[in-house]
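First chain A sits with chain B, and in the next complex the same chain sits with chain C.
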Partner chain A sequence: MTRNFAAWPIILLLTVLSLPLFIMYLFLLVDTFSNTAPGSLLPNEFTLEHWRFLIDPTITGDVWKPTLTTVIFSASLMIIVVSVSATAGYALSRLALPFRRFVLSGIMVMHAFPSVTLIIGVFLVLQFAGLYNSLTGVILVKASLMLPFGIWIMKGFYDAVPWEIEMAGVQDGASRFTVWRRIILPQVKPGLLSLALFAFIDGWSEYMLPRILAPSSDFEVLSMYLNTVSDPNSSTYNFNIFKSVGLFYTLPVLALFVLFQNRLMNIFGGGTKG
Partner chain B sequence: MQISINNFTKTFDGTPVIDDMNLTIRDGEMLALLGPSGCGKSTTLFTISGIHRMDKGQLMFGDRDVSGLPSQKRNVGVVFQNYALYPHMNVFENIAFPLTVRKDNKADIDREVRFIAALTHISELLERRPGQLSGGQQQRVALARALVRKPDVLLLDEPLANLDAKLRLEMRSEIRRIQLETGITAVLVTHDQVEAMSMCDRIAIMKKGEIVQIDTPADMYSNPRTSFVAGFLGNPPISLLNGIAMGNTFSIAPIKLRVPLGSHEGIADGTPLKLGVRPEHFGPEGDIAVEGKITFAETQGRENLYDVELADGSVLRSIQPAARNWKLGEPVRWFIDSKSAFVFSDDGLRL
Partner chain C sequence: MVLLLGFFFLPVVLTSVFAFTNMSTATGISGGSYVVTGNLLRSLKDEGLDAKTIDALGQSSYVIDQAGLEKAHAAGVDARFITEIAERLKDRSFTSSTAFERELKTLPSRPTRVRDLKIAAGAFEQSVLNVRYASRGEMEAALTHMLENPPEGAIEKVATASYTGWTWTTENFKNLVITPDTWRIIGNTVFYVVLTLAFNVLVGLFLAITTFYLPPAGSGFFSVLWLLPRITPVVLYAVMWKWFTWEDGFVFNIAQDLGLPAFNYMKGSVASAWTVVILVNGFVGASFGMILFSGALKAIPVQQLWASEVDGASRWQQIRYIILPHMRWPILFVTSYQTLSLLSSYEQIWLTTNGGPGSTTTVWALEAFKTALNNYTGNLQYGLGAAMALILVAVGLILSIVYLRLFRFDEMMSKPKIEF
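For the complex of A and B:
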């Protein structure tokens, strides 16, 4: 933003617009640490009881198992998406592949496609492969749905690396693979990092796919766990505990976002260095 | 090492770019590939380096046929137009890269890098990143990286195009110095005749994928084989007059200009011809008088440039010492030095 352009009206506007959101989050945070008398707006006592679910599995069931599952789910997703996108994006950007145009437009179409519309086909494939109702199956499906986006983004980053740098590497005696690993990959590191974050956060918030593709399995991810807790008909229902679990679930995403927000914005710049 | 290209042909997507080229670069010489943009200079260069493959032909390094070898096995150093330094490595790592790929031991790498850095005058920059260097310094690093492996041939693609005028002058002599000190065989691609003339032992002039003439700068200037070559070398460029052969003279009848053809006898009267006159061969002194009017005057400090328009509209360029000033529009009676003028046939071939 240019300096001679006064920023304060915009800041004011943004503040006003995000005030409701901010207040809601504040109340959420306060509510998880306090009790409020019925009918009153302001809390009247500090308490940690709503956070007891962290150590006491009898309240809402063990929270750590779904947390671990979610970590495994998101991390696997991240590893698959990053490694496949890093290699496929390079191939599509640089190598004279047969059917390159076809593959590229295919990726474009897949990228633009709402993934829900594919679910019946995906269901059949999973059934056929015997991965229905398994965590592996869900990971593979989620990863493949993310790949068009990942590959496209990485291709953009590779496209921005000058062709001459690569040729210089080859001329210096390095194999294409060495050139990719030692010269090209470091140039697209910002892209890899933001894609990794993106994949992790996307995996963390996934709810639909495990529900649809593994409805009767014995694993549970945090979003499903949260859903159970939020059921008002359940015997253990407690609105404040629901808020605490919700906060617990959101916290890692918020932390990642705050830590890496600059990097994350990279991805929308289409590969320009930020 | 002597490099020879034999019967080289290259086609991109059905468009012929290089047609049956033959070229020999002598051991230890610096050769310029000079020509207008798009004539196939870079294509030739990158074929020597192995980035492009020949469709037809043979490439010899010494007496070894390398036509089928990939870039990695050719031992060629290339300096790219934008230098192509590795941005995430510092200068030392950039220069060391070809050696680390070869898995030399650390002490050797360190010695070689420091030696070549001293040669290219960048010893104090080894810790810096390419982004922290000026254009001229980046150029030196690129040169050092290309030379560190002791390549059989050094290839430079428009190495001065990205530099400002002052640095260009400096790097011109620096590249030549480094080439002479290492004694390496080098090919310089450029579209700038001044670079080619000032830096190289020989110049190969290219036009539309063919080599028109290959000669030393001085010979090529004083003895161009075609009007294209004559027009490419020299700044300000040569002027060309259109006329016909008439009684053993080059003649433009309407303005009664007659320049004797001297030794070129027996040209049938009426044959269309071109007369090439360099700016330094047209002025107040000479033997063939022409009358005209000054239509352009430019002061260059030491010299002045003039365009003189003749009665039939054709223009002769002249370069004169700044001592005497002619004004725009002033009528002049100047002379062509007929012994130094070139006569070309209508299709541009020198007679």
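For the complex of A and C:
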């Protein structure tokens, strides 16, 4: 395209608009490797001391245990969401189920539903079920909150698979299950992969549910750990350490994102954050 | 499906059920028992229960009966003293502790210490005050025993009022309508949703269009930068804003160097608190908008743009007459979707300003959450919180039905082509 306009005013405007973000993320990175004199803006020395929390549990408490908990949390979340969405999405997309229309619109409404308003109900359900303050409970709740989204996405992917492939399989004498397992599932693999990634990242970032539904410190996830470190009233309060922990916490998400950027883009459009 | 039912459907049902109860930490979530307390009597008096009944309930009487004697024995009162009480005062009753104690002091083998005397007197005390009864029947029996000729309906009234468990009520909704705070919070919510939405859509659109026109290097940089808020975990994102706006934070230091008023921008003044809240949520939302709009922009047939350039259209004309008409549905979608998620969003606000200063930046969802699950007084009002959540759910439901109509749900519902 030709350049029949001046680019610089727009770039300038864009820069001004992006400045807070740019500064925040730049300093997030820089401050973890440097010290800044109080009251000044620019760092004056290079140091690795803010990263010592990785090996020295006396600084902010053991960081590896929450990390392990978070991995368990995100991985089980991923497994539940992917397996249920893969089957339920297929059923809703391809099978003549009774109440299909009703279920489908129900799921659509649930997806559009303000899920946080359910938290009070969820809290009480967990209390009744005796799962309050347990990791299992949080995993189940988080998974079911993600399911409408996952099912909806998977239904979209299944809808895109041509009927002819499936009909050919049935013609050759395969059962409906075999067709799904051997023919359809490989077709929606990209969808499954991005859903799995999305579930993992979402689980990794989750903060509210563990905080509200499992407040005990026996199985802190990283987000709670991070929030404890960042509490201005705590004795270990230090923005630079906090930033190192934060960066440590975010790195896996960033890495996954960079690796699978294109796959994630088609699913990130429909997330649930404000 | 079980999961969905358990953690989606059940909470919905429970929320609507609890909305009609006065459940709180004080009442517990299972049943309760029946207790008459001093506070209760006071509030009953305010409600106009007659003074005689109240006095009778508040007083304790002293009756010398077998149960009392046994209790005195268990309390370690001298055996000779007990026998004397049994012989001389059997089956008499006193209406006040002073009268009873005076009578006790006339007995020959009375204890010398006043404390011991009081213990002995206490064993014969009969009162409904602060005694727990498991069922309504027991409570009513005790009340009948205490009151000699109570006025009509008084016993029922006291028994009902003495229940400590939760009861069915529509008070929650009434209270919500009456309280002036409610309207302020509604105002806050509308203000917050409208402004943040405007920020999201406009900035998202602006970003999408500018990155569309910029050379790849520049646009790549900006789109990655604007993607970051969306993939950064919310805790980190919130505290980065704290670092940015808090005392001794980045803006604070700059403002100080420039001689501008420097204070805690996140909580220091109402205007700056709102700015922060809207920016915090707006940046996340704008990156959502940007992703969607960029996708939609790429779907516009590029020939139309070429044709317009041949015809000598300026950038502005291109945007106004080609791009924006194409973007109608994405814009509508982002608007509707974001309205829903903004209405119910409170995480960022909770983690940043926490509704402060005062409750100037408290929105409906945050208030519901705080009422039910996270308040300072420690009395978590599940019932009231559930009622607030239910209202939010109702609003969300109506909006999503409208949006479903708007987006032609039927088109997504093609019939299956294999029938087994």
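As a convention for this text, the second predicted complex is superposed on the first by the 245 of 274 C-alpha atoms of A that agree within 3 Å, B and C clash if a C-alpha of one lies under 4 Å from a C-alpha of the other, contacts with A are read in each partner's own complex, and residues count from 1 in each chain.
The working rule: a residue touches a chain if its C-beta (ideal position, glycine included) is under 8 Å from a C-beta of that chain, and two chains touch if they have at least 3 such contacts.
All values derive from a computational prediction rather than experimental measurement.
Engineer: Taking the superposition on A as described, I'd like to know which of chain B and chain C A:P215 touches: first, second, both or neither.
Structural biologist: Touch status of A:P215: no partner.
Engineer: Just to be sure I read the superposition right, which of the two partners does A:P9 touch: chain B = first, chain C = second, or both, or neither?
Structural biologist: Neither partner.
Engineer: Which chain, chain B or chain C, ends up touching more residues of chain A in the combined arrangement?
Structural biologist: C
Engineer: A:P162 contacts which: chain B (first), chain C (second), both, neither?
Structural biologist: First partner only, chain B.
Engineer: Look at A:L124 in the shared chain and tell me whether it touches chain B only, chain C only, both, or neither; answer first, second, both or neither.
Structural biologist: Only chain C; A:L124 stays clear of chain B.
Engineer: Counting only touches as set out at the top, which of chain B and chain C does A:D172 meet: first, second, both, neither?
Structural biologist: In the superposition, A:D172 contacts chain B only.
Engineer: Would you check which partner chain A:L21 touches, where first means chain B only, second means chain C only, and both and neither mean what they say?
Structural biologist: second
Engineer: Touch check for A:P186: first (chain B), second (chain C), both, or neither?
Structural biologist: In the superposition, A:P186 touches chain B alone.
Engineer: Applying the document's definition of touch, where does A:L104 land relative to chain B and chain C: first, second, both, or neither?
Structural biologist: second
Engineer: Shared contact residues on chain A, chain B side and chain C side combined as an intersection?
Structural biologist: 167, 170
Engineer: Which positions of chain C touch chain A when the two form their complex?
Structural biologist: 1, 3-4, 6-8, 10-15, 18, 29, 196, 203, 206-207, 210, 213-214, 218, 222, 225-236, 239-244, 246, 248, 250, 253-254, 256-257, 279, 281, 283-285, 288, 291-292, 295, 305-306, 309, 314-315, 337-338, 340-348, 351, 365, 368-369, 372-374, 382, 385-386, 389-390, 392-393, 396-397, 400-401, 403-404, 409, 412-420
Engineer: So in the complex, the part of chain B that touches chain A is made up of which residues?
Structural biologist: Listed in rising order, the residues are 49-51, 70-72, 75-78, 80-82, 84-88, 97-98, 101-102, 145-146, 149.
Engineer: Spell out the residues on chain A that touch chain B in their complex, using ranges where they run on.
Structural biologist: It is residues 162, 164-165, 167-175, 178, 182-183, 186-187 of chain A that touch chain B.
Engineer: Which residues of chain A touch chain C once you look at their complex with the stated criterion?
Structural biologist: Per the touch definition, chain A meets chain C at residues 1-2, 4-5, 7, 10-11, 13-14, 17-18, 20-25, 27-28, 38-41, 80, 84, 88, 94-96, 101, 104-105, 108-110, 112-125, 127-129, 140-141, 143-145, 147-148, 159, 163, 166-167, 170, 176, 201, 204-205, 207-208, 212, 223, 226-227, 230, 232, 239, 242-243, 246, 249-250, 253-254, 257, 265, 268-269, 271-274.
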